[in-house]
Every structure is written in C-alpha cells, then in structure tokens.
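Each of the two complexes below includes subunit A, the first together with subunit B, the second together with subunit C.
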Partner chain A sequence: MDRRRIPGPEASVKPIIERADDDDTLHVVPLKTIDDIRQDGRSLDKIRKAWLAPGIITQANGSAYIEFQGTKLACAVYGPRATKISAFSGKGSLNCEIKFAPFSCQKRRSPQRDPQEKELSQLLFEALAPAVRLDLLPKSTIDVFVTILQNDGNGSCLAASITAASVALADAGIEMLDQVAACSACYIDDEIWIDCTLREEEHAQGSLVLSCMPSLNEVTHMLQSGEVTVSGTIRAIEQCTEACSKIYLIMGNCLSESVRRKLEKDNALDGLNKKEG
Partner chain B sequence: MNVEFLLPEARQNDDDVEMIDVSDKFVTPGETISVDAQYMRFGINDITISLCKDFKHYSLSRSHGTFSDEKDGIIKSSLAGRVEIVNKLISVRTVHSRYNAEIGDLIVGRITEVAQKRWKVDINSRQDAVLLLSSINLPGGVMRRKTEEDELQMRKFFSDGDILAAEVSGTFQDGAASIQTRSHKYGKLRNGSFVSVPPSLVQRCKTHFHVLSCGVDVVLGLNGYIWVCKHTPSLQDVDSETIYSHKNEPISDATRESIARVCNCITSLARKFKIINDSSITLAYEESFETQHID
Partner chain C sequence: MPVEIVTPGQRLGHAQDYAAGPGTYVRGDFLYASVVGVKRVLVETDKKTRYLTVSKEKVQSAVPTVGNIVRGFDLKCMFIDPQHINVINIPGLLFYQITGKVIRINQREAVVSIMVIGNAPCGEDFQGIIRKQDVRQFDRDKVKISDSFRPGDIVRAKVISLGDARSYYLSTADNDFGGCAMYPISWEEMQCPKMKEIERRKCAKP
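Let's turn to the complex of A and B:
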C-alpha cells in the first residue's frame, strides 16, 4: 500500500457546518452587566460552583475528582512506594504530572507532553511540597497524576489541580501539615475577577494563582503574570485568600464525609477497635 | 528588700473545666483536634519549617497523624481519619493508608527482585520488605546451614513474581520490614488465586490460615493481600523438594469454581468496606448462592 498517499474514499462530501446565528454577536456581549454580575450570574469575587469527590479511582491509593463548572479534572495518587533508584535520600520525593486530555481544550491537545504541561507539573509540585511531610518518608516516592478533562480557564485548571491533588493525598493517608487550597484571579480593567473562565481570561491584563494552607495561615505558592500595580496585587491576594478558605471548607467537608461514610458503613469501626486490642 | 505579694485569685474548680470528648471525631489535615494541654502525642521530634522566609517551629510526631505549633500548643491533625485516644495519647487513624508492618504480623507478599543473599518482597508497604536467604527454610532439613551453592541458586527457591506467606521479624527506620519463612506454615503459595483489599479491613486474629467449609484454604495477610487456594491436608509431611515447586497440582473444576467464588466474595466485601475474616467470607459465600445470576 502506498503510505504517502491519503487513503480516503474516492468520493467525498463536504461537511455541513451550521453557523450559529449569534456567532458575530458573541463578541459584542459584555463580560459583565453594569452592576458587576458576570455572564454566569455570579459577582466578581465569587468562585464558580464547585463539586469535589474523593476516592473515585479504585486502583489508586488516593484520588479525587473536582469540577468548577467548566473546569473538570481527576487526580490520582500512587504511593508512598519504594524509590527504584538506589541513591539514598533521607526525604521522600514527590512526582507531579499534569496532563491535558486530547479533548479537554478547544483545540485538540496532542497526547505527547508539551512545555505547558511540564510547567504546570512543576508549579503543582512547588505548591504541594511545603505541605506534605516528606521528611517522614525516606527512600520513598509519591506519584501524583492529574488529568484535565475539560479546560475552562488556564488559571483555574492549575488551581483546581492543586486543590484536587491535596484532597487525593489526604485520601491516600499521606501525612500533611495542612490541606492546600488554591484559587485563581484575573486582572481585567483595574478590577479583580476571581476564578475566571476561558472567555474572561482572553480579556485579562494579568493573572494570579495563589495556593495557601488556610488553617496554618501560610502561603505555599504564588504565581503572577502580566502588568499589575502593587495595590492591585495586594487586593487580589486578599480576595484569593478569602476564596481559598471557602474552597478549604468544601475540601474538609467532603473528606471527613467520605471517611465517615467508609467507617460507619458497617462494623468496620468495631474492626478497627479490635485491631487495637 | 522588696517583696511582692499577690492577692489570692478565685481558684477555678476542677469540676468546672469542661472536658471535650474528641475521640471518634473525624478530622482532616490541618484541622484542630484539641486545644487541651492535657493530651500527649506519640514520639515527638521538633522541626523548623520555612515558608516564604517566615520560619515557624512545629513539633511533629512520627506517623501517628498529629502535630502542634510550638507557640500555642494546639494539637492539629496531619491525616484524614478518625481520632483515637488511649488514656491521654492522641493519634489519628486513616482508612486508606498503606500497610505499616509490625513485628509478628502474618503477611502475603510477592517477590519483586532477587538481590545479593536476599529477596525484595512487595508487601503493600511504603518500602519493599527484605527476605534474607538465611531466614528461609532450606530444603533438606531445618538445621541445614546455607552454603555458597544456595546463594547461586536462589531463584530455585523464590524467583520474581512468586507469592509467599511470611512473618514480619523486624522493622527499620525507613518503614521497611524484614520477613522470615522459617516455619512449615509459611513459604511459597501455589494452587490458587490472589486478591488485594485495603489493609485496614483485615483483622489481627489468632490464626490467619483458614480452611473454609467449601474445601478452600484462605491465607489472610495483614497487609491486605489474600491468597485463596485449593485445600492442602498438612504442610508438615510434604517433602522438602515440593515446598519450592513452581508447578500447580491438578485442580478439579469444582474447586476452581469455589476458589473463584471465594475471591469474588472477598472483592465484593472489600468494595462494601466490610471486615474480612473467615466468618464474613463464609457468610458471603453462602449468600452468593442465593443471588440470581445475571448473564
């Protein structure tokens, strides 16, 4: 067979693409109304509706699924397991990997690892590492894999990855100082927009992703881009911290709920007691 | 000389101090367990953590799920799980952690690597366990000493992928365990099927070798690895050559079916997060005949 030629059918029909009527008007629709209500009905300082579920991937040691309306991703944690490289290390190592599913973005992502994924993986590691008790796990490795299923905002993807990974780590029974909650914000026309969608991001002059440990009151990681004033940044950090504590509440609730469900299902609780004795 | 006197203060009655019961509470990492100074934590070591140039001092416990800030002494959780209090000692127990080896535990493991004078065994723990050549029963008498020849033919005893039952004989600082099979009860497993469940579901019992009424043997490893196999009468009078045999014995169709059924019962018990022991498996096994087949 001739591989250089495209083996398509002899006769082909042009696909019929229906143009949406409001295709041209889409750009005219403003991002928000006069009284600061965004297109999806929330105000500038509100996060999107979130849904979080730990323990959905049964093969993994810990896992979590998170949804911020359009942004959807799953995270799986494997380990701690023995590091295969023989070099001794007194601290455990944390491997993070973020992967966009081919269908996750408006344009198809190639299954190969691209620079953006590499950068996001590094950022995820930087945000999580201060919280995880790696000093307790010598010669061990923890693997964190995030698969982005739908991308509605690059900043929110990173923030949701950090949040989901931290829940998955807790689900895997790995010791942490605190859970890391993360939130993204965009600077649009001297205003701060929390948790932006992809469309809102197109109009942004700058962006901020803040991850923090709310109960210890510590920031683990901050990523800022664009040209912004100092006062704007300070304001954004404050608003992000506030949003983070809201996300933290959701994380805590769903985690303790999943533990309770597991333990109270039957005699599992008694079993744990007996194991003690 | 200046002497300072203080007026007597109203002393707080001990009965007035409210004791908050925190046991059986569900906590998540970072959540405050107790502000009460009366509680203690397991084996404490202090570390300083730097975050954003601001140095903070924390006092941390070793893998018992708690830590506290040096300044205020508030005890916080570092795990997601249930709080357990024994006298004044606080710990947090998780549902989904990996297996923590304790001396005397019966475990089922799989050989991952053959190394110098030792095997590496996967036991669902943080680190692979170590099985020394000197801690197995060599064929040809219990009292036989190991020779250089044994070292060269280690793969004849256990090779990669083999499954074995063993006892934990010691643990190391890094979470690794050393195991031994110096008893006729332990050793290579064959004629059966392997099931993996969460380690917290397997109870510590007097015996972990069970013979079910359906003619199937079950080895319940405390690490969550379970071996279901055809019933073997007694291991004691088996000759030394067959201990390390790779070959399965002929297994009848009926036995194969019951092994498969018991495996499925264990998997479904684990899925519903129920305790796994011989009685729960037997009950599930009997119940499985009642349910309808859906093809």
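Let's turn to the complex of A and C:
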C-alpha cells in the first residue's frame, strides 16, 4: 500500500469516462477536410489560440501560465539564490525541471520523475541558457519549475514550456538577451502541420520543435525527429519561425500589460496615500 | 506622463547616442533591453553622457557584485534628464555597498549574512566574510576581530571580491563602513542608545 499518498476509499468505483476518439472512430473522422481545415477549425500553418498570464504564482519570484487550448502548463521561477554546491563559479547556473501532473495525460503519470521528464528538462535548459545573461549572476542559481497540467501534444508541451519559462524569467526581473519563443510542427503525409494536438501527433512521420529569439533573429535550440527531406525541414523551420514571431508578440504584450497594470495600481495607491496624508 | 514599457530583446536606440545603463546591453550598433520595465533616459549633470536604463519600480532581489565594476554606476553623481525630471532616484543603482548582520566571529574573520545590497533587499541568503586584514585601513596587524564586531551587529561594508566557493569577501576599511546600529562615540567605540553601555567596535561614520 502506498502510505505517502492519500488513497481513495476502499469501496470506490472506477469513473466512467466518455472517450470521444475510440480506435474505430480514429479511422472514420479525418484529420482535416479537403480544403485543409483541421478538426478544430484552423488551417495547417496556424497555431492554436493562446492565453498567457505572467505573475500568477505569488510565492515565486516570477511565474507564468500558458494555454494552447488543450495544452496547459504553469511555470515558476525562483532566485537568483546563492548556489549551495561548494565549487566556485563566476557564472550563474540555470536549473530547469519539467513535471507532468499525474492527471495531465490520458494515462496516469507517476509522481516520481521519469526519463521523459528528465529529457524535457534538459531540452528546456538548452533552449533557455543562450538567452539568459548568466555572466551577471556569479555564484547564484536560478530555478525554473514547469508543471504540465494538461498534455495535448508532446511537441507543443515542450514549446509551451520554453515560452512560459521565458516569460516567467522576465517576470522575475532576470536579465536576458531576448525572449525565447518556441513552436512545434509535425510532418504528416509530406505536409507541415504547425502546433499539433495529441491526436494529430499520432499520425506524424516526424516532428520539429524550434525555439528562437525573434528580435535578435537567432535560433537557440532545434529538435527534430523522424524521417524528413531537407527541403521539408527548411520549409518547417521557416513556418515555425513565423509562428514564433506571432507567439513573441503575445509574450511582449502580456508582459508589458502586466507591468502597466502594476504601475497603475502603484500610482492609485500613491494617490490614496497623498489624500490621507 | 506616458511611460514606455519595454520587454527583453526590444531595440531601444543606437549605441552611439546612448550609453548602456542597468537593464540594457549593447549588441552590434544597437542598445537592447534586457529586463521588463520602464525605459528611462538619465543624464549626468557634470558630464554629457546619456544613459538608457530599464527598470521595474521595485527591485525584487539582488546579487552581490564586486565594487561598482559590473554595475558601473557611481551614485554620487546626480542624474537629471530635462525631459524626465521626475526620474532622479532609481532603486537598485547603488550596488557596491551592502548591509548585513554578523552571524559569528572567530579570531581571523567575522561571518556576515548579507541582507541588503545598495538599497535592494537580498531575497536569498548570501554569506560574506570580513577578514582581519580588511577591517580597517591603518594598524592592520593590530586589529582584533572581537574588538571590532560582535554577533548580531548590523554592519555596512563593501564587496571586494567574489571570494571563495562559500562566501563573498567584504571590507570595512573605509570611514563609511563598519557597525551602524548603535551610536558611535569615537572611531573605535559605540554606545547603546538604551543602556548607555560602551563597547568597542569598528564604527561607520554616521
């Protein structure tokens, strides 16, 4: 018996979950219509509707919540704090961790850290490290924790993690060269599908996750899997970069909006204090 | 007055027109923002240099840096911009002076927990040590740590080195640095405001 977690009552019954896409229906409902409109009503080169909010976790130095329809995750940034490891380093270190919530996927995820989470954490670090000015933070550590609340596409989870972590770092006031925006794509039947859902990913021959700094026009990280032609990859990179600059706009808007709101709040407070004084 | 809010990576201006202040960096011919915040232009009164800075209203937490090399700003000069007269005092500029609490002493050094850097609170626990030879400028060989600091003292000091793996090296070898919680009655003695007791300390100029 698992003593560390709260078990359900002994007389509990499994919930009945309505499954929309059973194996039979998978072949019946096509992924897209003849004129290239996907099931959720967007074309192949469009990202899903995004919602981004910085500063939602009050205990953290900086935080962000991001939603690409089915993909939902929260990111918290702590630090810079003094490094506990005894070796001297003139540069700061970045510690990234991605965690799937137990309820995030179709199958239950174990609360223990698994290899996929380890790999994603490493990828998140590789994508963020070139953008963060770690040379300004000697002997310090920045901790980035991402919790995936709902997984609708593994590629989009990683892309959203990178985007959210970059917003959270900016929210924490950590110096960066540029914001990192990331976007995923899948290769399905010689076509490039941007920002795929979990169901679309099942049909993919390959995938690409691209993270870049749109303002500096630099790519920080690229991850490709599957079998693709060179021209296909080049096309995918171009489309991803385009999508990234759209995401970058959303990031910039929501960050400056949050600062503006805070300034207005402070000004209102100042006004009140002056009235009372 | 409308304020301009910028985000990291945003291009702020040409590098030949402005010098990079806190929260910005130079890359190629341009100045970019490196934090989220309000863009401001600061001008030194005695010099003609115009600094571009980006800062949030409140600095969340700071990390100690050596001297004023990294932040490159001397607070003794006033910054007044003709267009932004309301911007003179920006929190987080004064980075070379720290305020801390002595947590333990031994014959060689005093161990200090750094609490405030400039006037920005230090969110996490950074540890520093004041070595015997860094306590004061004169008679260095006659310094006794126990006559200079006691555990619990609040001291003002400057960061002289990133130090070893564990702690920063601090120094109080200047008239402005030393104990600053009780009343100094001479350079080497302080008086308790309540009990009027006199104890020996390295004093900061009040």
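Following the convention adopted for this analysis, the second predicted complex is superposed on the first by the 241 of 277 C-alpha atoms of A that agree within 3 Å, B and C clash if a C-alpha of one lies under 4 Å from a C-alpha of the other, contacts with A are read in each partner's own complex, and residues count from 1 in each chain.
Going forward, a contact is a pair of C-beta atoms (placed from the backbone, for glycine too) under 8 Å apart; a residue touches a chain by one contact, two chains touch by 3 or more.
None of these values were measured; they are calculated from a predicted model.
Asks: Judging by the criteria at the top, classify the pair subunit B and subunit C on subunit A as clash or fit.
Replies: With subunit A as the common anchor, subunit B and subunit C collide in the superposed model.
Asks: More residues of subunit A are touched by which chain, subunit B or subunit C?
Replies: Counting residues of subunit A touched by each partner, the higher count goes to B.
Asks: Applying the touch criterion given at the start, work out whether A:220 contacts subunit B, subunit C, both or neither, answering first, second, both or neither.
Replies: Touch status of A:220: first partner only.
Asks: Considering only touches as defined above, state whether A:61 meets subunit B (first), subunit C (second), both or neither.
Replies: Touch partners of A:61: subunit B and subunit C.
Asks: Using the touch definition from the top, say if A:133 reaches subunit B (first), subunit C (second), both or neither.
Replies: In the superposition, A:133 touches subunit B and subunit C alike.
Asks: State whether A:87 touches subunit B only (first), subunit C only (second), both chains, or neither.
Replies: second
Asks: Touching A:116, do we find subunit B (first), subunit C (second), both, or neither?
Replies: After superposing on A, A:116 lies clear of both subunit B and subunit C.
Asks: Would you sort A:43 into first (subunit B), second (subunit C), both or neither based on which partner it touches?
Replies: A:43 contacts neither subunit B nor subunit C.
Asks: So which bits of subunit A does subunit B touch that subunit C touches too?
Replies: The overlap between the subunit B and subunit C interfaces on subunit A comprises residues 61-62, 79-82, 133, 136-140, 170-179, 213-216, 251-252, 255-256, 259-260, 262-263, 266.
Asks: Quick one: which bits of subunit B touch subunit A in the complex? Just the residue numbers, please.
Replies: 26-32, 47, 49, 51-52, 54, 56, 58, 60, 62-63, 65, 67, 76, 78-82, 84, 86, 93-98, 126-128, 173-176, 200-201, 203-204, 272-275
Asks: Within the complex, which stretch of subunit C touches subunit A?
Replies: Going through subunit C, the ones touching subunit A are 3, 5-11, 23, 25, 27, 32, 34-38, 56-57, 59-61, 63, 65, 70, 123-127, 162, 164-166, 168.
Asks: Write out the stretch or stretches of subunit A touching subunit B in their complex.
Replies: Its residues touching subunit B are 55, 61-62, 79-82, 130-131, 133, 135-140, 170-179, 213-216, 218-220, 251-252, 255-256, 259-260, 262-263, 265-272, 274-276.
Asks: Subunit C touches which residues of subunit A in the complex?
Replies: For subunit A paired with subunit C, touching residues are 61-62, 79-82, 85-88, 90, 92, 133, 136-140, 170-179, 213-216, 251-252, 255-256, 259-260, 262-263, 266.
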